[in-house]
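Read through the structures below before going on.
Okay, so chain A shows up in both of these, paired with chain B first and chain C after.
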Partner chain A sequence: MKKIRIEGIKLSEELFQLNILRHFHSKDTLRHFCRILASNKINIPFLSTAYFGEEVQLVCCMSAEQKAKVQDLINAEASLGGCVEFIPSTGLLSVYPHKSDVRVLGLSLFALGRARIPIHGLASSLSALTLVTDYGRLDEAAEVLQEYLELPPGQRPFRPQFRITQSEIVKGR
Partner chain B sequence: METIAVYWEPRIKTYGFTKVRGLSLIKFGLSSAQMSEAGLELWRLGDAGVEFYLILGQDLGGQGLSMQMLIRDQWEQKIVECVEQVISREPGGVINVIPSVGLIHFYGPHFGDRYGIADTVFDALAKGDVPLLAAGCSASSIYLVFPEERLSESEKILSEVFELPGS
Partner chain C sequence: MSDKQLILVVDDDPDLVEAVCMKLESEDYRVAKAYDGVQAWEKIKEEKPKLVILDVMMPNKNGYQVCDEIKQSPEYKDITVILLTAVGEAVTTTRYMHRDGITTLADDFIPKPIDLDKLMEIVKGYAG
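Entry: the complex of A and B
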């Protein structure tokens, strides 16, 4: 199996994951859920969702620092009761560029599956294929991927050295 | 190091919408045990030049992933055959194909670092009563999948709450 050349692997800071499992009233659930987070100034760096008729299935990740706050907010929401699950410590691993190539996707699933590293979520963007796994296994996941995906010489998977947060949304002056 | 950014925008700025028609959304579940085998089969499809527009996956309570793959409709049969090879070996495997879907994707300044972007998207679409089929937000990008015949209407709704270059 020939290695595929990529440009980089980016690892996130520690996050936590929230899953909504096949919940009824899809449209209102998602809207309501995102409104709760936005009104509490909580960013969602990763979200992956699908609809099954009137049901929604969602996974999203947020900063680990916000975990207690989000748990309190969600636990106070009777409409979401019983269908929410938390994974306490997750991280994002983004491989880029994927160039829409199924081989990059295939090798990523193959490598992590073979190493029995869990994939809690998945989403692609224009350039990156982002996988969610346990935060404690993020470095191991990056190592495993490099058995099949080749970084430029001398380059290693990296973590951003700074973080940007937004202090306020002001709609109009 | 932490940088705090403040945005003053009457409407949230984007770098423009991209619309794609003529797509199929293929939905299937993969158990944790099937992950490596499915990966291998997808890798093999690379020789046929199969490309994806979007891939999404949601955790099935630690039992695997619910997957959605958005592709050109010309690749539908190949992907279905590929997935069938893997999931048919365990009982209960189902593949669901939704043909004639469309995609709108866009990104904007620091979308990955800001709160309220997803809220703006889902609030606008809910008010507009547009049926969303799948959505993904990662790496500053928003990907939204609609029935193809509702794509223009969805774009209009989104353009009322997001600013496009030159608008």
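Entry: the complex of A and C
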């Protein structure tokens, strides 16, 4: 089988995943939740929402270093009680560009499934297909994908060499 | 051979590359894409673009290094380089001293998050 040519596979740092499922006033609750994260300067490298009638499910991933802080914020938010699930030590694997080729999605799911590598979430953006899996198996996941997806010569899956964080900048003092 | 100007867009954020390329194509430019500094330099040698839109913070080879190589090359020094920088508020010049102690001279810069209309103004100013 001929491999599909892609340009890159990007792997993330260690994250944790947070799933929220709500039934009533869920859109307001989720908006409120995102505002809490933003006001605490917590970056969200992965965010996906799904709507099922009146139900809304939110899946997001944040830096593993911020898990305790996020847990404290969740515990302080009564409206989220009982509908939050944490998955520790997850990572993102992004394949790009997908060029809207559904085979990239199908073969990625097939390859990871055959290797029994879990998929905790997935999303497609303008150019990238991003899968959430166990952080400890990211390199293995990238390897099995390359049985079907071909990187340019000399290219390897890579991790960002820096992290962008939010900080307080005081001007004009 | 098309007479449309070729613009190379380089960023390790594939969605940003795609969005900028869609905008450029809608303005009748040809586009090439690269996702890190090494790929960028290969594309420059292969396709010799008129202009490069170049992110600064990238894996393998950063934007400053690529810009240095372009501007120090007799063959490619006339290629226009527009840097994309996330530290735009602190930047008042296109001449940067980076950590390797090398000064880089780009032709222009635009801060992130990118205003696509502003970017197109800059591109048209250099590439017509």
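Everything below uses one rule, namely that the second predicted complex is superposed on the first by the 164 of 173 C-alpha atoms of A that agree within 3 Å, B and C clash if a C-alpha of one lies under 4 Å from a C-alpha of the other, contacts with A are read in each partner's own complex, and residues count from 1 in each chain.
By definition in this document, a residue touches a chain if its C-beta (ideal position, glycine included) is under 8 Å from a C-beta of that chain, and two chains touch if they have at least 3 such contacts.
Just so we're clear, the structure is a prediction, and the values are computed from it rather than from any experiment.
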Contacts of A:7 with chain B and chain C, given as first, second, both or neither: second
Which superposed partner A:38 touches (first chain B, second chain C, both, neither): first
Greater residue coverage of chain A in the superposed arrangement, chain B or chain C: B
Which of chain B and chain C A:77 touches, first, second, both or neither: neither
Touching partner for A:152 - first (chain B), second (chain C), both, neither: second
Which of chain B and chain C A:65 touches, first, second, both or neither: neither
Partner chain in contact with A:124 - chain B first, chain C second, else both or neither: first
Which of chain B and chain C A:97 touches, first, second, both or neither: second
Partner chain(s) touched by A:54 [first = chain B, second = chain C, both, neither]: neither
Overlap of the chain B and chain C footprints on chain A, listed as residue numbers: 94, 125-128, 161-162, 164
List of chain A residues in touch with chain C within their complex: 7-8, 10, 94, 96-97, 125-128, 152, 154-155, 158-162, 164
Residue ranges of chain B touching chain A (in the complex, touch as defined): 1-10, 27, 32, 34-46, 50-62, 65-68, 105, 107, 110, 112-116, 118-123, 125-126, 131-141, 143
Chain A partner contacts - residues on chain C that touch it in the complex: 12, 14-15, 17-19, 33, 35-36, 38-39, 57, 59-60, 86
Chain A residues touching chain B - in the complex, by the definition given at the top: 1, 17, 19, 21, 27-28, 30-31, 34-35, 37-38, 41-51, 57-59, 85, 87, 92, 94, 100-103, 105-114, 116, 118-130, 132, 161-173
